[in-house]
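First comes the structure, then the notes that go with it.
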Amino acid sequence: MKMITAIIKPFKLDDVRDALSDIGIHGMTVTDVKGFGRQKGHTELYRGAEYVVDFLPKLKLEAAVSSDILDQAVEAITQAANTGKIGDGKIFISNIEQTIRIRTGETGQEAL
Amino acid sequence: MKMITAIIKPFKLDDVRDALSDIGIHGMTVTDVKGFGRQKGHTELYRGAEYVVDFLPKLKLEAAVSSDILDQAVEAITQAANTGKIGDGKIFISNIEQTIRIRTGETGQEAL
Amino acid sequence: MKMITAIIKPFKLDDVRDALSDIGIHGMTVTDVKGFGRQKGHTELYRGAEYVVDFLPKLKLEAAVSSDILDQAVEAITQAANTGKIGDGKIFISNIEQTIRIRTGETGQEAL
Amino acid sequence: MTATALVLMMTLPGLALFYGGLVRSKNILSILMQCFAIAGIASILWVFVGYSIAFDEGNPYFGGFGKAFFNGISESTLAGDIPESLFAMFQMTFAIITPALIIGGFAERTKFSAVVLFSSLWLILVYAPITHWVWGGGWLQQMGLLDFAGGTVVHITAGVAALVAAIVIGPRKSFGKSSTTPHNLTMTVTGTGMLWVGWFGFNGGSALAANGDASMAMLVTHISAATGAITWMSYEWIKFGKPTALGTVTGMVAGLGTITPASGFVGPAGALVIGFIAGIVCFNAVTIIKQKWKIDDSLDVFPVHGVGGIIGTLMAGIFASTELGIFSGQGFAEGISSISEQLKIQTIGVIATFVYTAIVTYLLLKIVGMITGLRVDKDEETQGLDIIDHEERGYDM
Amino acid sequence: MTATALVLMMTLPGLALFYGGLVRSKNILSILMQCFAIAGIASILWVFVGYSIAFDEGNPYFGGFGKAFFNGISESTLAGDIPESLFAMFQMTFAIITPALIIGGFAERTKFSAVVLFSSLWLILVYAPITHWVWGGGWLQQMGLLDFAGGTVVHITAGVAALVAAIVIGPRKSFGKSSTTPHNLTMTVTGTGMLWVGWFGFNGGSALAANGDASMAMLVTHISAATGAITWMSYEWIKFGKPTALGTVTGMVAGLGTITPASGFVGPAGALVIGFIAGIVCFNAVTIIKQKWKIDDSLDVFPVHGVGGIIGTLMAGIFASTELGIFSGQGFAEGISSISEQLKIQTIGVIATFVYTAIVTYLLLKIVGMITGLRVDKDEETQGLDIIDHEERGYDM
Amino acid sequence: MTATALVLMMTLPGLALFYGGLVRSKNILSILMQCFAIAGIASILWVFVGYSIAFDEGNPYFGGFGKAFFNGISESTLAGDIPESLFAMFQMTFAIITPALIIGGFAERTKFSAVVLFSSLWLILVYAPITHWVWGGGWLQQMGLLDFAGGTVVHITAGVAALVAAIVIGPRKSFGKSSTTPHNLTMTVTGTGMLWVGWFGFNGGSALAANGDASMAMLVTHISAATGAITWMSYEWIKFGKPTALGTVTGMVAGLGTITPASGFVGPAGALVIGFIAGIVCFNAVTIIKQKWKIDDSLDVFPVHGVGGIIGTLMAGIFASTELGIFSGQGFAEGISSISEQLKIQTIGVIATFVYTAIVTYLLLKIVGMITGLRVDKDEETQGLDIIDHEERGYDM
């Protein structure tokens, strides 16, 4: 099983969720995060004060998926979250050794 | 060392913490998250407007534990967080390659 | 590629970011978290009421870095986040199997 | 004077908070901003022409421009027993809150430029003339319409305009699908607290004197608000098992809106009945409009204010009667002697206001739509009006 | 009239915010909701029987039902120099805030249905009779008790009721264990700002006229609030090294509560002393009750209002004296000529109010407990009353 | 009386929220706390000596100590037509808000102890004497300076003091680097709503009677606020493409501050011009001070209040003229007959206030710096004043 961790622009959440739904992935967990990356460095002006924008609100989406649909899932996210502009975000893939559903105690694939 | 990542119902935090404490796990980090999963799909009514509940507030609890007490820890969480109702959440286990305590620079088991 | 996950004291964020910047790491994602650990147990008094402080606000900083600068990065964080007092936090290292930049579809090192 | 300050407080911050708490956090500033911008623009327009259209003598339908730029108002001119500057300003606060009420109908999706333009035109072409009809010596006043503090002038016009706007502009993207629950109910409840307090100025102040009439108006206003709140709360409790905070405060606002036209004419027991009816009828109106008709009058302006204003105006025609025993009021308009006669006039008033407002609002929206466009696009709607229209975020904790 | 609006503002939104900010975010709506529901219900009950029990002539202990349903109040009846409708309504705002104050004693654990039932019964069986005793021509008034704006009637009754309720209902699950720190101190501070402003209406308005007496009452109220705030703040600063915002505003409320019974009788210098004593005594009362006695009077209603009301009522008996030089006040009750005589009456008033309130509150809680149950269960308490009782969340950012 | 309550509401909670929303969440309580502490301390000092210094007869520069401890004020002494206790208290609310305004200049970095000490000394040594000059029979009043409600006394003194303090204390660590955007604009907007309402008391109340003068003062105040808001909003819209909420409310405050000295002397059309100029000039002042001069007057006290007070005081000298057609006002000071003559006096008033305030503020800061130190250290600044100075957090959701 793999954990997909995607950092995306907040307003793309619905699109990404729908895209994942379409390929049968319904479970996921989302966190509000602050992103630091290339998308910054420009100076903004607010009420007369200049400042450098250093972080931006992003969403972190985590979905555990079985290895065989991993590529499909990554593809779906990449497309749905894409605006073509800087700051669209990243996807990180890591390995999960075990998954347990708390309610039933099921493990592995069943637990997703 | 393993990282236990548990998604639980918010009001179960105290119980889970106590359960982990009992088996000697005192360190953990908790994040507010939004959960999407099976526990949804029902239509709610609020001030005359219908809508589908799509996400629910959950807590993500992360605890790094040494591999030998992993099973015990999972067991403890599974029991403490269980209400038997849908949406009780998941536990994911992944591997940690190294741990460092910032204050002392200690690594590995010592750092937990 | 490795994922560095550091739990730090909130007011140390700027210092840590600068330290990482100095060694060429510009991308990272930060989350507000609640930390449970050794740094607790003392009884506080507020408006006449006693209570045990059980959790503390912390920041979780996640940065994906290429394996060759991992040690340097850990070193940088350890120094910048250190106050020498209890509760300075931890660093966890785990493995990332793949990274994708959403905007361009680049993968691996390029995507960081 | 105090009444004027209180009515201003109703809009800022009262209504702004009431509405603001109900939207999602990405649109909070758009609401606050619209309330403030309208307060500013309406004030200026009121000085320029609004007051004159409403209160200059003119003909029964339109006041004219003789008092444009507050011409002829100095610190010593009087309107009745109070300084005309005070009267003009008290009325100005009504001219602020009415267009501000409307924005609830099309919240969370309408362009700021469209709101500004629409509100300005609407104030001049709908609000000011109807005010003239009812309070400025116009045809409805001459006919004997009872509208103490704005059931027709304020609540029906605002409610109907919001309904028309909600239909013309169309529902929010997520209407009926995902949740659009309030982002900050504490803000909403705070706002309604201020509305309640401010409404004392609204209704009490409409007596234009600090006397027994004003205090009776305050009393019945208070009773109706309390009864509306408790009725709505109980209704929910019985029907859904749990009384909600939003329901309670909405019932309160319904009670306040409904008593408004009647507040100077009815007694305490009449107020109890009015508040009770307000709670029941407006509750059902909310459900019907959203669930049956699928109209996204987002913050329920029509079912609460519009419907409330209508039933309040009609009930003023009943409970003003001096012959209802404990439910008696303070008498009909001059020259009117029976409930049925008064009720006929009230009905004409309601219909005229409704129809005129609906038509002109519809036309204005079409015109504004051609000039600025009405809605932001889908992606912008998802991102929220705060960033899109104002490049700001409400919270940055 | 303004005073009435101001006193309503004290409860809604003043007190609602003050209390609301102090609880955890999962219970915020329960507090706001209870304040609103009580405002609604108390208003209606006041019209039905409350006013009559308090202010109908009756006997020295109970007013009777002659003014039930505000019978006999029209826009031209007077109470003293002001319209009776205004008097009845001014008093109504007191009848709203008193039960609303009590909810702070049992916050974060009590069922909404129990709160509603208890508050209703309490208003009729405790508040209305005691009001009759002190202000409605009852035995304490006849005896010469000085209570200008509600030290006994409002603050002692509310404080004692909260204390009894906190004991009967028991502490919150996490009391003394994990943190129950305020979820939103900015809300609390905002609320106290409104309380301060509203209190001018409370005490100033109790002169029932806009004259020198009223403005002196406002002045001493203000001075006592300021002194109470600074005293508490300094005390904390000295004792714990850091002055807190919560401490400062609590001191302010203590100063306000304590001056209340005395506000029409004392002078500026007396107010300074009263505010100072309020700060010191209430500070220690808070600590003793929570730490020593382990009573979870959650929002400190008894130590601040109850204790404040007691010492204020007693000090009114001292600083009303015209013979204290710069600390002089405006004289004792008619026929009383010495501090000791007045003080004896004040003491009787305090004790009678305390004992009667404690006993009846205790009985009411037992009865309500049998009908609806008093507490939610443990898991529900963890989830919070907002979801459990109202199916809503305060914030959804 | 109401005016007094309204002016208190301007500071608490109005100004406290306005300022509080603008800082980062880690410093929110420090702002609220400073406002409350100043309210408390200023009230007490006003009773002790402030009122006496300002309003005792004394000499043209200093009032003396004859009215210290409110000596001679009882419930029957009068000041003009109103009770002196009311006058003293109305003035007290001004003495509260002025030092509270200053804290915006050095927000987010200054020690609480320094703020307390500085504000106390400043009240006595700057505010009270200048009040004497302008309103207490002092030399500027004798000369014929027109300052209706505090353009010099309140706004120039506060603005200049904030500017000097910002320079002496130095910029925030992150000034010009990372973002210091407001943590809660909804709070700021709410606060300005209350300021707008409260300002009616500020300017209307300064007529010291509830008559045509007062209502005209309210009207022009309102018009200037509205015009200021819309001007600033439009300016931003044109210049940067998006109108912001913060800009709109800042324009409103600028309009209010600028009309203050003129409010009793000018007419509606004059108010339009004043509001417009306020919007344009203050907007540019903000940009110049922050961007060009790199002075971190954090919440823009000088460009909004100081500059507003200056141009308002000058324009009062113009628009008070009765010979400007529609822009006419209500006449100059006694014995003055031309704009140029009046303008000369206004200029002297502005300069005298500016220079005296700047010098004494500078000296006081140096003294306070030696006693308590002015700034917290860098790490403490990062952690925020709430934890460092008060061991509390504003929000714990």
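Read from first to last, the chains carry the letters A, B, C, D, E and F; within each, the first residue is number 1.
In this text, a contact is a pair of C-beta atoms (placed from the backbone, for glycine too) under 8 Å apart; a residue touches a chain by one contact, two chains touch by 3 or more.
All values reported here derive from a predicted model rather than from experimental measurement.
Participant: Which chain lies the greatest distance away from chain E when centres are computed from Cα atoms alone?
Facilitator: Comparing chain centres, A lies farthest from chain E.
Participant: Is the number of contacting C-beta pairs greater for C-F or for A-F?
Facilitator: Result of the comparison of C-F and A-F: A-F.
Participant: Please name the chain that ends up farthest from chain B once chain centres are defined by their CA atoms averaged.
Facilitator: Following the centroid criterion, the farthest chain would be F.
Participant: Chain D-chain E contact: same residues or different, taking over half shared as same?
Facilitator: Chain D vs chain E: different; shared/all numbers falls short of half.
Participant: With chain centres defined as C-alpha means, what is the inter-centre distance between chain C and chain D in Å?
Facilitator: Taking the mean C-alpha position of each chain, the two centres sit 52 Å apart.
Participant: Please tell me the distance, in whole Å, between the geometric centres of chain A and chain B computed from their C-alpha atoms.
Facilitator: 19
Participant: When the C-alpha atoms of chain A and chain D are each averaged to a single point, how far apart are the two points in Å?
Facilitator: It comes to 44 Å between the two C-alpha centres.
Participant: Roughly how far is chain D from chain F, going centre to centre by Cα mean, in whole Å?
Facilitator: Those two chain centres are 34 Å apart.
Participant: Send over the residues of chain D in touch with two or more other chains.
Facilitator: Answer for chain D, listing residues that touch two or more other chains: 2, 178, 181, 184, 240, 244, 246, 395.
Participant: In chain B, which residues are in touch with two or more of the other chains?
Facilitator: Only 31-32, 94-95 qualify.
Participant: Kindly provide every pair of chains that touch.
Facilitator: In this structure, the chains touch in these pairs: A-B, A-C, A-D, A-F, B-C, B-D, B-E, C-E, C-F, D-E, D-F, E-F.
Participant: Provide the residue numbers of chain A that touch chain B in the complex, in ascending order.
Facilitator: 3, 17, 26-32, 64, 94-103, 105, 111
Participant: Mind pulling up the chain C residues that touch chain F in the complex?
Facilitator: Its residues touching chain F are 10-11, 14.
Participant: So in the complex, which bits of chain C are touching chain E?
Facilitator: Where chain C meets chain E, its residues are 44-54.
Participant: Give every residue of chain E touching chain F within the complex, in rising order.
Facilitator: Residue list for chain E touching chain F: 2, 6, 24-25, 181-186, 189-190, 192-194, 196-197, 200-201, 204, 210-216, 218-219, 222-223, 225-227, 229-230, 233, 240, 242-246, 248-249, 252, 267-269, 272, 326, 330, 395.
Participant: So in the complex, the part of chain D that touches chain F is made up of which residues?
Facilitator: 1-2, 4-5, 8-9, 12-13, 16-17, 20, 28-29, 32-33, 36-37, 39-41, 43-44, 47, 69-71, 73-76, 82-83, 85-86, 88-89, 92, 112, 184, 187, 389-397
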